[in-house]
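Here chain A shows up in two complexes: once beside chain B, once beside chain C.
For the complex of A and B:
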């Protein structure tokens, strides 16, 4: 009985109508998927185009270099650009060593068990904390408890906690993609575990790792909510705005975009907002492009290809 | 020639006693005993999944790297049990090298691949490394094919060349025993015969243990053959004995083609 049904099915599939039907389904699926891909591309183009259209008139050398203004029109974003890079650098300085080391431990050393599960679970939980909540945590700890007031270092540490899980994940993925056969070959030649990681695993993973770090750098660069209550919404007056001291308020570009729209009383809010948004966007896009180029060239360099 | 006679004519290199290997609760090798003779080729044969690779990997403590694997029994190398707690597995692997089923060169230049071992064992002198690379590549019968492109990526070599590079890489650390896990199974007949010729050369200076699924290969290159079935080491003998007068019914069934 079952065989008879099956034979019927096969006969139907082989018939001209069956073939036509399947070809139709195949083509529809292809078209649908292609449309979805196109939609993503179109959205990005539209978005970038619109920001460019609004922001371009605001961009000038004077706008990019002069300090912001609290009351009158004509303020720039010089210190904000500086602060964005400053906090980015500081955050990476804290995040990269810890996240990469933890990632190496989890992927290369830890045996499956309670401890590894606990660390993994903690990291995943940490990764789901909304950035505004992390910002309030930073406010309580760095601003009030440690009495640092609004400071670049408080902001950077808050961003460190925020991005640690993601970078740890990136490290694990990068190490995971290194074939196990490399490790076995190295160990079979009498290398230690650390020797194998240092000479074989990390060089093979460095491209993926660098790409991950730079992509996360882009996220840090654009982070806003976690910084409002930690690094603050103001910059020091005059030359002090470009200080190297981490214990000073340091409003970043992304925070400035939010601040001008939400709180500021200057008459040219729209100009400053649009100009800043464009600068921010260009920077983040640059990070993405640089990530690809650097990642690829490092891979080539370390693997002799 | 009888097995005992053959083994006594040279020295005993490795002595495996009551070896058991478990993967979790799976009992992969059951009470295996094998004596590995110096300067001879010992072949491990048997159907897929019989434990021959598992047995081989126990000989240089590669199971240490597999989570959940557990080894009991003793494996002596020149009289010292390599599973003794005072023995450093890194030193064991320095003395007992391994060539894998699939050629696995590092994504580095040919030169860097060959001198990887000497480098991790502390050799820094570039001239010494260069001469070591040449010597090892010559021994692996690869020098003439790669001498003009030592600093190009090893991944651009053919499969057979990559496997000979892996052998050169093992020779560069000057091991005493070389373990080979089906080193020619992914290669074409010409590359295979090159590897087989090479193994014939190597046994003059080294002790070789090779896993192979090809009985013809075992018959061609080995002096001693051990037959595994479902985790049991069924029979060991000189290769001619095993292939002409097997003692065990199951060995006979296998070599006459009645098992997979």
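For the complex of A and C:
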């Protein structure tokens, strides 16, 4: 009898301890997960703050507009900023139509089968190709095979292939979010499949699509490894640096940061790197904000939501 | 009786039919382009990447396992770069993997909506920061920090691994959050109804249920890390030696390619060796994609 009571007491004490223990573990885990998430925000704040602090003294109108210098201090990044936008524009010109078309095909047309699997597998594989490997492919095709030398167009075409899979994904997701009832209603009224996509599905998806495209544009703007051996690491002297001709070497801003540090002999490498990093970061932030604003207003305009 | 016009049949019967046909053709062509692009890339790199073995008659064994990289003396051993790549990637996954999964779990399971609203754009910006800016932060902030704390020169495995851990975070976070969200709610409810705490539910029910999705998150994190070039190049030290511990300077496959390609003569042994390294990277990326497919099939 006494033993039984004792056992019961012990069990009760144990389970109380168990509850306390479980609660403690649960709270610790919750705290840890919160810390991990806050750490991500802290990291981002640190990066932005640090780059602002580092780069602000380097920024001046002269720095943003003057040409880079080969040997002496005081070089600017004007042509590099121009080239970044130029290659970004060219890339989007090529990659958006192809990626959107392929995305529409996969999401709206293709029936399950060998061809769809092949396209999907190709897109996934393309998405994991490291950008330096893509850069060497660009070197083989555009520089060696087509003999374009280092050129803006070679760089843009390389980036076109590099960014196809991401844009296809964006397209597919944007189309996926359009309610199935829209398509059914349109078809029920006698519209063809293409008519439905063109008049109903795409306008409903255009907001999400644009947001995605602008976010990817931000990534293209900062791409480096794929451009070093396709668009090159130099700019033409004088007015030629702002040429519209796509068949000229076109060092972009991100490439310039790397090249200046790794290869150049100018004495003010740190200043150029700090200032350029700031410009790159501000552009990324800008692309993010613009993506959201434009996406929202387009969605409202085309769907009334 | 007036002649009855022959009815036009098939895809060209009406304007709508024609439009439909052309649209289909264009969309199919775009999809085919994707297949052609990856095939051409693979083929081209396979040809250029094996010239080291077919033209220069270097044995693949020597390329993969010899630590002596001296292309001028016909010795393109790439073991150093392979080990360097694998070590920084391993480091990045060991640090960034659990960290990213923790944040993904947080976002899916316990973040209040306002926190999610703050985190999403933050992660989007982290994705968008160019790799050379990550490298620049590593170079000017992390390397001096390591130098002061440890007394080494700061460049090396530790710096490169740390930068990569941060760079794979967005990938791991986003994919592990998705993985957690696909776990059916009934599992959550069942576990909580049994009296389990939230952490018990997460650690014993939800994480195992999401295991394949989390594996994919980590694999794609690896894929991001192993191909990263400039951020690593700026901080790894670029010494063609096997890493001597965490603080040792070393080099990786992408960093070696990007540095030496500029001076490589077309058709030289060095150029062939660099293309072999690029092909090796491509093969690793392909293997990772197959691993993803395998992980997802096991779930189905």
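Quick note on the criterion: the second predicted complex is superposed on the first by the 270 of 305 C-alpha atoms of A that agree within 3 Å, B and C clash if a C-alpha of one lies under 4 Å from a C-alpha of the other, contacts with A are read in each partner's own complex, and residues count from 1 in each chain.
The rule we apply is simple: a residue touches a chain if its C-beta (ideal position, glycine included) is under 8 Å from a C-beta of that chain, and two chains touch if they have at least 3 such contacts.
The structure presented is a predicted model; accordingly, all values stated were derived computationally and were not measured.
Of the two partner chains, chain C is the only one that A:105 touches; chain B does not reach it.
In the overlay built on the shared chain, the residue A:284 is in contact with chain C alone; chain B does not reach it. Within the superposed three-chain model, A:41 lies in touch with chain C and out of touch with chain B [touch as defined at top]. Annotation for chain A, partner touching more residues between chain B and chain C: C. In the superposed model, A:168 makes contact with chain C only, not with chain B. Of the two partner chains placed by superposition, A:275 touches none, neither chain B nor chain C. Once the two complexes are laid over each other on the shared chain, residue contacts for A:68 go to neither chain B nor chain C. In the superposition on chain A, contact is made by A:195 with both chain B and chain C.
Residues 192, 195 of chain A lie at the contact with chain B in one complex and at the contact with chain C in the other. Contact residues on chain B toward chain A in their complex (touch as defined above): 60, 62, 65, 67, 90-91, 93-94, 97-98, 100, 102, 104-109, 112, 116-117, 120-121, 152-155, 166, 169-170, 173. Touching chain C in their complex are the following residues of chain A: 22-23, 25-26, 29-30, 32-34, 36-37, 39-41, 43-44, 47, 50-51, 54, 97-99, 101-102, 104-106, 109-110, 115, 118-119, 121-126, 128-134, 136-137, 139-141, 144, 161, 164-165, 168, 192-195, 197, 215, 218-219, 221-225, 228-229, 254-255, 257-258, 261-263, 270, 273-274, 277, 280-281, 284-285, 287-288, 292. Partner chain A is touched in their complex by these residues of chain C: 16-17, 19-20, 23-24, 26-35, 37-41, 44-45, 48, 99, 102-103, 105-107, 109-111, 115, 118-119, 121-133, 135-137, 139-141, 166, 169, 173, 197-200, 202-203, 220, 223, 226-230, 233-234, 254, 257-259, 261-262, 266, 274-275, 278, 281-282, 285-286, 288-289, 292.
Listing the residues of chain A that touch chain B in their complex gives 111-112, 179, 181-192, 195, 199-200, 204, 302-305.
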